[in-house]
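Structures for review follow.
The following pair of complexes shares a single chain, chain A, combined with chain B in the former and chain C in the latter.
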Partner chain A sequence: MVNLDDLKKEALNLLKDEKVKYIIGYTEGSNGTSAAPAFIKNPEDTDKLVWNPGCFHNLTRFLRDEKKRKAREKHPDERPVGIVVKGCDSRAINVLLQEKYIKRDDVFILGVSCESTGVIDEKKVAKKLKGKKAQKIEWDTNRNLVVTTEDGTTKIPADEVLAERCVECPVHSPVVYDIFFGDKIKRTTDAQFKSVEKIENLSQKEKWDFWKKQFDKCIRCYACRSVCPMCYCDECVVDTISFAVTADTTAEEKAQRIKWIEKSPTPSETFIYHIIRAIHLAGRCIDCGECERVCPLDIPIRFLNKKLEKEAKSLFDYEVGFDPDQLSLVSSFKDEDPEDFIR
Partner chain B sequence: MEKILTKKSFPNWIAKLATVQIYAPVVKDDLWSYEVVDAAGITTEYTNAIQSPKKIIFPQRELFLEFSHNDNGSPEIRELLPEDKESIIFGIRPCDAKGVSHMDKVFGGDFEDSYYWKRRNQVTLVGVGCNTPPSPNCFCTSVDGSPFSHEGLDVLLTDMGDNYYVQTFTKKGDKLVNMSKGLFAAPKPKEKADLESLHKDAETKLPRHLKDTKKIPPKLKGLFDSEIWDDESMSCIRCGICTYLCPTCHCFDISDEITSHSPLEGKRVRTWDNCQFPDFTMHSSGHNPRPDKASRLRQRIMHKFQYFVEIYNNYQCVGCGRCISKCPVGIDIIQVLEKVRDHV
Partner chain C sequence: MKKRTGVFVCHCGINIAGTVDVKKVADKLGKHKAVAHSEDYVYMCSDPGQNLITNAIKEHKLDSIVVSCCSPTLHEKTFQNAAKAGGINEFQSEIANIREQCSWVHKDKEKATIKAEKITRSAVERVNKNESLEPISFPVTRRAMVIGAGIAGIQAALDMANTGYEVVLVEKNPSIGGHMIQLSETFPTLDCSQCILSPKMVEVSKHENIKLLTYSEVQEISGYVGNFNVKIKKNPTFVDPDKCTLCDECTKVCPVLTSDEFDLGLTGRRAIYMPFPQAIPATYTLDDKHCPGLLPIACGKCADVCDPGAIDYDMKPEIIEEEVGAIVIATGFDLYEKEEMGEYGSGKYPDVLDGLQFERLCSASGPTQGEVLRPSDHKVPKEVVFIQCSGSRDPEQHCAYCSKICCMYTAKHAMLYKHHVPDGQAYIFYIDIRSGGKGYEEFVQRAVEEDGVVYLRGKVSKIFEYNGKIRVWGVDTLAGKDIEIDADMVVLAQAMRPSKDADKLAKLLKISIDKDGFLQEAHPKLRPVESVTAGMFLAGAAQAPKDIPEAVAQASGAAAKALAILSQENLFHSPQVAKSIPNLCTGCGMCVDVCPYDALSLKNGKVEVNEVLCEGCGTCSATCLRAAIEVKNITPYQIYEMINASLGG
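Moving on, here comes the complex of A and B:
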């Protein structure tokens, strides 16, 4: 079991010894089952850290903010940032290292093992609770979620409430870390791509109808983009000012900028947005499932990334986020790469 | 006018109303959503819809005009007003209706926005009050609202068990009742008394509270440069959820969508925009006066609890709780406001 006190103690020491600038971890959320990201600067606040089944956020996303903040400072503090990561999140760190977005010294990684479970899907838990508000959630040792509400405690088997990505997770514990918390349980999955089969088995028309219906709901809030650790571009195709304007940018350059996509949430624009997002994450997405979790309209966009992850694995034997030194999927080739699908 | 409608007669009334288009909450992929429905699809038992009916009166995309070059090279411009079509929004919650009345202030006043008012004038708002709070984050009573407020409404229904207590507040509302006069009875004194106690009782059931809201606007005045915004926005991912889902957020952008360059053809459209996006305040010089998420959170809070109060004497928040329930990182407007209020 992950011992929260060990995690707190380590965090306390890191801050006391001034080894890290601050620590990105989880704290109690105000909203039912969810934990909330916490940014801890003072040693005495380390007591607020939590580790529970509601710690689904991928905190590596905040390394983007850290990098931007650092770039603005004249004399930046060069110490690393302490960061709590799960297995999936740790693969994001490897991708960011691979892409040279961060350096290994920029982070001090507090890796936590998901052991035999993972994190919950809030919607699944909410359905089980039928409107009741959870006061506390935790895993017991028999893979049950123990939920405390005002009516007492209930036990729900993990498989009924685990997030789908945890069911399909190939790691369950961090692949890169400085300190490890919990047990290094070897847990394998033979169903890494089970969920995409639901879509793959549809006919072309059914697929079109499915996505048409889903994307019609999209309000283009871009939470799916904003939450992703790998969506770090300064120039995003969806923004109205889609290139970095500086004081030196000429009027002509501005006038000639390409407008890739309209703001209107019409089918063509929304499809384009989602296709671009998915393609830009091919060979980079580590399936933390955050894009889908944050969508206020419950659009199952994880399928798109999962499908590309499957293609990369089956066609190129490429797996994301295990080796910071591997070449990137889209900018490298091997002689034995298949070509038969190129038309 | 005040009337009683039995639940048995309710479907008959709805059938009468259905001569015009009706929007009402229906379940779409597990979420409540205001959609065009037929009379049979209408219920008064639903939790908060993920999006308020703002999306009907102030759609995310509004066509303004169409332009093109005609054969002899001169430009042609055609205005595109929303179509003539009366409709009813059935089952709007009191907080969301109050949100509409706030939008009326913004799009009315010195300049009347013809696109907004064309839609607004064609819609009748039939509210269903909240005997029990429809969301775990409701806090309407903390921002001058109540579960049975009728601000912005034409009709308000209160579920009294076997009957609905029907109150109308406008001519439009009267019309809906007068369409089926025979179905409605005059309320008895006991029913009036029951209504009052039910309304009072509902106010005690609110799950969330913000105390001393009045202290917040003056407090905000001194906090423009406070470190509070940095601290509170650390976990914000700067998405558009809190603003796009808010029933009172009304910022927009106007752009030309070119469909053909030669000959030139295109449309001018208005789309939702919001203060949490980085490009919202980006100047063409490259300077961005709100360069980080701290300044954007500050804008959202200050607009709702200082600027709007100064201009319209109302909070620009109706306490629906959507931004709390749906923020992906748990930024909770009540907690932020408490910190503002208690700031020393």
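Moving on, here comes the complex of A and C:
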């Protein structure tokens, strides 16, 4: 079992010894089921850290802000940032290392094992509670979610409330860390790509109709992009607003900014946005599922990324986030790679 | 700034004009706001056509041109030169390919004309955003390397060395000479192969401009045309050639007997050996694979008897680095293994030989001193069956291609056999006789008429041992009969295949191989001695099966091509290379990993382009998620404008 007190103690020591700038972790959220990201600078605040089934956020996304902040500072604090990561999140760190976006010394990783469970899908829990408000949630030792409401406690089997990605998760515990909390349990899954099969089994027309319906909902709020640890480009192909302008950006460069996609959320443009994002995440997405979780319109974005993850694995035997030194999917090849699509 | 572009639409005879209304294309484009002048002409690539462009540039004060014609691989350079002659930068010229990409692939004239307009319009958009560029100049290392020292490699090395340039000749075997030195006589003149080759070998060894590295293999290569850096591993021979007096005492005491590569297993040799008497360099080699114990020394007999002390068991592989400007690859061929031929006994029967073994059997320096004898019982074979296309022209089972030389050498074999055994009978099974070449057809006729060789048109289905003879089951398709011959010896004209490990070398050198594993030429007709990589040239049977005169001709051709590089102090490189946009670069290094030319590197977290190495292929640009690298004159912005132009009405 993950001992929260150990986590708090280590965090306290790190801050007291001034080994880290601050710690990105989880704290109690406002609605009982969800935890909330916390940025802890004062040693005494380490007591606010929590570890529970509602810690579903991928905190590595905040490393992007840290990097940008640091770039702006004249005399940046070179100490690392402490960060609490789950198995999936730790793979995101490996991708950021692989892409040289961060250096290993930039982070002090507090790796927490998901052991035999994972994190919850809030929507699944809400359905089970039928409108009641949770005050506290935790896993018991028999893979049950113990929910405390004003009416007392109820037990729900883990498999009924786990986030889908946790059911399909191949790692369960951090693959890169400085300190490890909990038990290193080897767990395998034979259902790593089960969710995509639902879509794969549809006919071409059914697929088209499905995605048309889904993308029609999209309001292009870009929450999926904002929450994604891999969407760290300064300039995104979909919106001219984010184009990087620095002191040496010439008028000619500004004039040559291409508007590949219209801003309006019309079906064709929205399709292109999601397809480009999926392609740009091929071989980079570590399936933290955050894009889908934050979507206000419930678009199953994760299917797209999961499908590409499956393609990468089945075609090229490529899995991302385990080795920061491996070449990226698109910049590497093996002699035995299939090439029957070249005609 | 508004451009003044000239549009020139070519008819290409009826190649384009037959399907595209060229006048209409020229008229329509003439109305484009950036086009100051447009016209059409029957052959734009002709001299008058080029003059027309040059004059139009001057007359209409054009600052850029678009030529709507054939593929840029054919005439891009022509029209760049025409632009230059007109006084504008050569990179202000673009091609709109309305032949391969339009007229040749369409039938509907109306629609094809619209498409041609769109292609041309998008080229106008592109050229409007072209930068004026100057070719990048860089110095040349004026030495060459030849890989493989068979007849092709020897010829290429001598041709280059004789013009005064230094040549490094690398050979993986202990001696130079290749397969030609194994041959007995050569068709169609029947002159002795060793007699005509050994003078060239001697010339190589004595040539002051040739640095010979035998028993050596290329390990690593970096650099680019004009400046290659090659790392070569020289394997230890364990014999110091300078001390060795060729007394031959060592082979007398060596206890090991192994099969002789030079005689293709027809004889044996010792673990310390000289490949053949005329070997260059003339020295012994200790074969560490067969020596009973080198490290630690378990035998040591050869060193004991070596008076001059030439044998050094501590010799280590040596890595030699060479800087060269051009490379000729002449790695030759190997025979398709008899073991692959299940229907012909999988190499089990001692009296079933391949063509090269039969050469050794006929050779005056061979295992039988030129007497044709059966390897099994040393009797003179009275009936010999020669089987052509053994492994060749058999796409289902073996090699799909024709090995080209077998028709001729089988006729020669039959003839040589008759010269050695006048009362013997030679049969040749063939599919077709391919005797194209000077004096070749007459040679085959001579075999039939003067030497009474029986040609049987048909395939052999099976051969097997029967009563001490080799029974051959075949068919004569002209007579429509099954044939059964109890032969004393069978000779298989095995297919030629690329030499072993040629594919690995090709990968190392980053040149391509074709579907059969032969080295790929840049163009099958017009650039047959060039590889697709600049500065690397092909010679001999490494590129395709060929006979000696062809191999020699190609070697001289490759040498001439290499000399065209060496004869220049500086080379020029296209400036249409990648350019990084540091603001957008996050330093992820994907482009660095993906670059096939090693032209990119990371410096202070940003990508940097080595312009001399960059070929402008654009793989980096396609890989970059952040559009932080692009190729000059084909930038995303230009592509965007081109797409707009082709989509717009």
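In the analysis below, the second predicted complex is superposed on the first by the 338 of 343 C-alpha atoms of A that agree within 3 Å, B and C clash if a C-alpha of one lies under 4 Å from a C-alpha of the other, contacts with A are read in each partner's own complex, and residues count from 1 in each chain.
Here is the rule we use: contacts are C-beta pairs under 8 Å (C-beta built on N, C-alpha and C of every residue); 3 or more make two chains touch, one makes a residue touch a chain.
Predicted model, so just to flag it, every value in this text is computed and none were measured.
Chain B and chain C, once both complexes are superposed via chain A, fit side by side. Once the two complexes are laid over each other on the shared chain, residue contacts for A:Ser116 go to neither chain B nor chain C.
Touch criterion not met for A:Thr189: it reaches neither chain B nor chain C. In the superposition on chain A, contact is made by A:Thr246 with both chain B and chain C. In the superposition on chain A, A:Trp260 makes contact with chain C only, not with chain B. Once the two complexes are overlaid on the shared chain, A:Thr149 sits clear of chain B and of chain C alike. By the document's definition of touching, neither partner reaches A:Gln326: not chain B, not chain C. Once chain A of one complex is fitted onto chain A of the other, the partner contacts of A:Arg61 are limited to chain B, with no touch recorded for chain C.
Shortest separation of chain B and chain C in the overlay equals 5 Å (C-alpha atoms, whole Å).
Comparing which residues of chain A touch chain B with which touch chain C, the overlap comprises 244, 246, 249.
Touching chain B in their complex are the following residues of chain A: 29-32, 34-39, 57, 61-62, 65, 123, 133, 217, 219-223, 225-227, 239-241, 244-247, 249, 254, 262-266, 290, 293-294, 296-298. Residue ranges of chain C in contact with chain A, taken from their complex: 583-584, 586-594, 602, 605, 623, 625-627, 635-637, 640.
Taken in their complex, chain B has these residues touching chain A: 28-31, 50-51, 60-61, 136-137, 234-235, 237-241, 244-245, 253, 255, 257, 269, 271-273, 277-279, 282, 284-287, 293, 324-330, 332, 335.
Taken in their complex, chain A has these residues touching chain C: 99-101, 232-235, 237, 244, 246, 248-249, 256, 258, 260, 280, 327-328, 330-332.
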